[in-house]
Amino acid sequence: MTPPSPSSVPAAPPAAAAVTIDGRAVPFRPGQTVIQAAHAVGIDVPHYCYHPGLSVAGNCRICMVEVEGSSKPQIACKLPCAEGLKIRTQSPLALEARAGVMEMLLVNHPLDCPICDQAGECHLQEYSFAFGQGATRATTEKTHLPKNVPFGAKVVYDAERCIKCTLCVRFVDEIAGTHELAMGGRSDQEIVIMTAKGEFTTPYAMNIIDLCPVGALTSRDFRFKSRLWFMDFTPTLCTGCARGCNVTLGARTGRLMRLEPRFNAEVNRWWMCDPGRLGYGHVNSATRLTAPRVKQPDGSWVEVTVEAALAFAGALLRAARMSGGGMSGGGMSGGGGDVLCDGNLALEELQLAKDLAAALKGQARFAAAVGKDGDSLLIVNEKGANAKGAEALGLARQSAPAPALVLLVEEHDNVGKALRDGSGAKVVFASDATHVPASAEVAFPLPTFAEKDGWLVNVDGHVQALRRSPQTGPQGLTSAVELLDELLTELASPRGGRGLSDVRAELRSLPALAALIWTAVEAPAPAEATT
Amino acid sequence: MSPIPPGAQLKGAAAAAAGQAAGTLGVATGAVGSAAARVAAGTQAATKPVVPIAFPPPEVKADCEELLKRYPTKMAALLPILHLAQKHNAGWVSPALEAGVAAYLGVSDAHVRGVLTFYAMFHTQPVGRHDVWVCRTLTCWLRGAEALTKTALAKAGIDKVGGTDAQGRFSVREMECLGLCEVAPAAWIDGQVHGHVTPDSLGRLMDGCA
Amino acid sequence: MTTPATRRTPETKVLSLNFGVPDSWTLKVVRERGAYQALEKALKTMTPEQVTAEVKTSRLRGRGGAGFPAGVKWGFVPKSSPKTKYVVCNADESEPGTFKDRYLMELDPHLVLEGCLLAAYAVGASVIYIYVRGEYPLSIARLEGAMAEARAAGLVGANILGSSFSCEAWVHPGAGAYICGEETGMLESLEGKRGHPRIKPPFPAVEGAFASPTLINNVETLAHVPWIVTNGGAAFAKQGIPPDPANPRAVGSSGTKLMGVSGPVRTPGVWEFEFGITLRELIYGYGGGPLPGRTIKAVIPGGISMPVLTDAELDVKMGFDELAKAGSGLGTACAIVMDDTCDMVKACINIAHFFADESCGQCTPCREGCHWLEKIYKRIDAGQGTLADLDLLASLFGNIEGRTICALADAAVWPLRSILKKFRPEFEARLARPVTAVAGQAVMS
């Protein structure tokens, strides 16, 4: 779970009003609580049950601070900022109150750390380390509660680890709106209970895993897969639909381990959907194309070097161009070769695909699936992660099978089997060998979203950046941008001989893209996401 | 009292974990027995699909409709309606009945179970034909409640408070202050209040229960 | 050792005027005895503000345990609001040792209802809910009966007694949770949820039941209102203990109070006195003193949630400020008496268990702390306690008190801390004992 880092919460604009925290003037906006004002300037008031995107529960009590003029510590998550308020977070009273709560939380908490997935991103661990007692005074038997309780097929609940903060219940009530969780029992038997239906209807259930400050809610998918500190984390985007939720991709030794949401105030706030979170199987597929291949006269494939494949493809494309069409029936343009693109391709790839189509005297089109599960939260019916970008670049949308000379297909059902087979494409870029149609004569491995740097335009017109995770996918893949550029050179196009930054500079200057929202990619790249 | 009584019929994953946890260390925490049953019922519910009972049944329909009129929200009628539902279901609320009430009031079944398991007067497991309550709080304790509890358990043939005997005749519970302090020690059998109770008088009262 | 007091102070029957009268819970009987005359007077000759003014003048303090001035609380309810306003009568009476409200509801439900109606009139409420604990079936039945009678007689419902004041009244049953006696826990329960207290502010007067302005008062508090309306707030204020003239903010303890005694005493019961009778007279004079051959060891003056007083400290007057000054508190004014046969360590187990079981579970210090306290007491009782355990108890009291959403945690700490302080030798003596055999097995901690 990645709690919102102070720098990711929008900073308060300059305000006249300020509270004093530890002797420092901290500005606040009307309506803010002390914890919000503190976090905005990087004062880390510890918290479990507080979350800026949910209602305030005030039950964990760890955020208690000393308020000048009061002998009782008060919870910062509920205390409204007011001019003249003086707060101390490190006074003896505040420290004692905090240590007291920590001790209480650990009285019945099981010593599961060695087997708990939360290790390394657990608030209990972090706060114990920061300000807990070194030794426990609790030598009484711990309360025992159900462990390993399935909350549907995707989430596992451990009532002993649970600190009853109610974040999960509040999320399912307030954001998902399905009320499928509740608190049950009373006193030290209070636990989270689930609807008797036994499965969530909300497609956002797994956000409760991120919300849970401890290891009480874990992902069935990620359970026992890897320790956090062996993993590599990359801030990138989900490509499950056109929402473009910001995510953090966790990988280790060639495998994508998990996706989790990353805060973005304009796009997805703190959340992502479950299908998006779990939709990375294609990245780890056993049938990934790992090297370029060329079809032999006898129909069998042989793996070749990139250079050899480019030469082969170049020759094939030149010949097709000369004969006015590389496939029977001609393309939609009536001559030259068309290029069919996956709606997930990045702007840079699409721009070069357009150039390639032009060099082939054909058209570039894109295909993307459209679903029916769009909702008012995040999920969009448009499944092409960059459909909006493709449209902005002027690519027509293709829904029915039609001939194309070049095909680029990432994992998705964006370019389904009918479209792939119906294209008759001879030059194919595919991430998975099973997506290469029978008509192909040369196939290049296409990096998935996890393995490239590229810009995507989301449903609202935000341009956002995919970032390459060095730990995922087959090693040594050449980027599609490089390959397409080489093909342009093979075709002696004046558009060849450019790199990623050149293409980006051109995109930035295109009038067709001027109306898009570029702030995300123009801001300095954020630091590597931490756990 | 163990929060998850050894030998309780838990199902599924909860049983394995709970069995290990509560097993060898003997008496665990001092949780009220019925709280443990509430927890166990909560974990059982997730393991098999529930068909809601059509609610309300004819005998309480008029009362339920009248209750709904008293509140600005349907949810607010939950407690009085659960009392009615329980009374007409042999003293407990099954998962199917819980689902029926939830549907009737337009609230989630998780919410209803959260309420059922919070309040001491609601039961999510079958109860005996006769509900025997002994008040255990300070005044009654000072005036001999522990002896009454022992008597009630012995009479019913139950070894732990919160339990029901094998023949389904008695459930014996310890309740917190019943507000009958001036006639302590107090007991309650089938909704009937009894004061100045002695082990003998309690025994005779229980003998009189079929 | 002081000599036991006799019954020198007579009862002052205001609330208990109809107790013992046959069928006192029926409209027919009490109407003849003056019931609803105050309501008629208010509706016909007083404005709502005037009713509130009388209650303010009376200096009536909340009778549920907190003692907050009722008139001031009434004044917090906004005069006008686009929302329906509510009166919620707190009849959850679950404080151990306390049974006074039960008498009011069983024996004079019309008095309670009339008090609620007057409060509703004063604050502009149009719905009354009387939240009665589920374990009081007779109270529920009698109140519902009273409401039906009143409705039929035009005393509840539209245009009461021909006035423009309309108000409905319902009984809402609890289902067994002490925490629902806490104001905001009650509101949550009224709304059909678990009784989890809310963070204040906002206060119920502004945002209470159904997010609307709500007046919540204890049964006994509201039951005083008809007398105040009939006789005037000034007359009420003359009874009881006047405010300390040296303290401009003092409120005193005005009027009468139902006071009870329970535990091992000869004649446990409830009586009604003006504030000012001593705790000693209440316990020895009316409660009959300890059982034959026994002596009084400790008393909690009002319920269970107050620090204990020893026999030597019983000459304190029953009043809010007087008991606070004596290091305890009036609470519900229903005293629990512990005698010399009472094992104070075991008593602490009983008290800690109560609060541990009744904790709603929201806040970390209460949920985890109360059970921890109980476990430590059990260990001491079993002879496995150490001096460090006594220090641990004191430390935990500090980490529990004042650190939670509601006062249940404080209520747990107050009696326990005072018992440890005043009976420490008994705890220390227990520490010296070797491991005891319990049921044939050594008890492991």
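Letters A, B and C mark the chains in the order given here, with residues in each chain numbered from 1 onward.
Note that contacts are C-beta pairs under 8 Å (C-beta built on N, C-alpha and C of every residue); 3 or more make two chains touch, one makes a residue touch a chain.
Note that the coordinates shown come from a computational prediction; the quantities given were computed from them, not determined experimentally.
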{"item": "Chain-level touch network, classified as line, ring, star, complete or other", "value": "complete"}
{"item": "Contact-richer chain pair [A-B vs A-C]", "value": "A-B"}
{"item": "Chain whose Cα mean lies nearest the overall Cα mean", "value": "B"}
{"item": "Between chain C and chain B, distance of the C-alpha-averaged centres to the nearest whole Å", "value": "26"}
{"item": "Distance from the mean Cα position of chain B to that of chain A, given in whole angstrom", "value": "47"}
{"item": "Mean-CA-position distance for chain C and chain A (Å)", "value": "55"}
{"item": "Residues within chain B bordering two or more other chains", "value": "25, 29, 31, 35, 107, 111, 114, 118"}
{"item": "Residue list for chain A, restricted to those that touch at least two other chains", "value": "141, 143, 183, 185-189"}
{"item": "Residue list for chain C, restricted to those that touch at least two other chains", "value": "177, 194, 356-358, 360, 371, 375"}
{"item": "In the complex, chain A residues that touch chain C", "value": "56-62, 64, 71-73, 75, 78, 96-97, 100-101, 103-105, 107-108, 137-141, 143, 163-164, 183, 185-190"}
{"item": "Residues of chain C defined as touching chain A within the complex", "value": "177, 194, 196, 199, 356-365, 367-372, 375-376, 379, 392, 395, 398-399, 402-405, 445"}
{"item": "In the complex, chain B residues that touch chain C", "value": "25-26, 29-32, 35, 70-80, 82-83, 105, 107, 111, 114-115, 118-122, 136-139, 141-143, 175-184, 188, 191, 193"}
{"item": "In the complex, chain A residues that touch chain B", "value": "141, 143-151, 159-160, 178-189, 191, 193-198"}
{"item": "Parts of chain C lying in touch with chain B, wherever the complex brings them together", "value": "84, 93-99, 101-102, 133-138, 168, 170, 172-178, 189-195, 210, 260, 262-264, 268-270, 304, 334, 336-339, 342, 347, 350-351, 353-354, 356-358, 360, 371, 374-375, 378, 441, 444"}
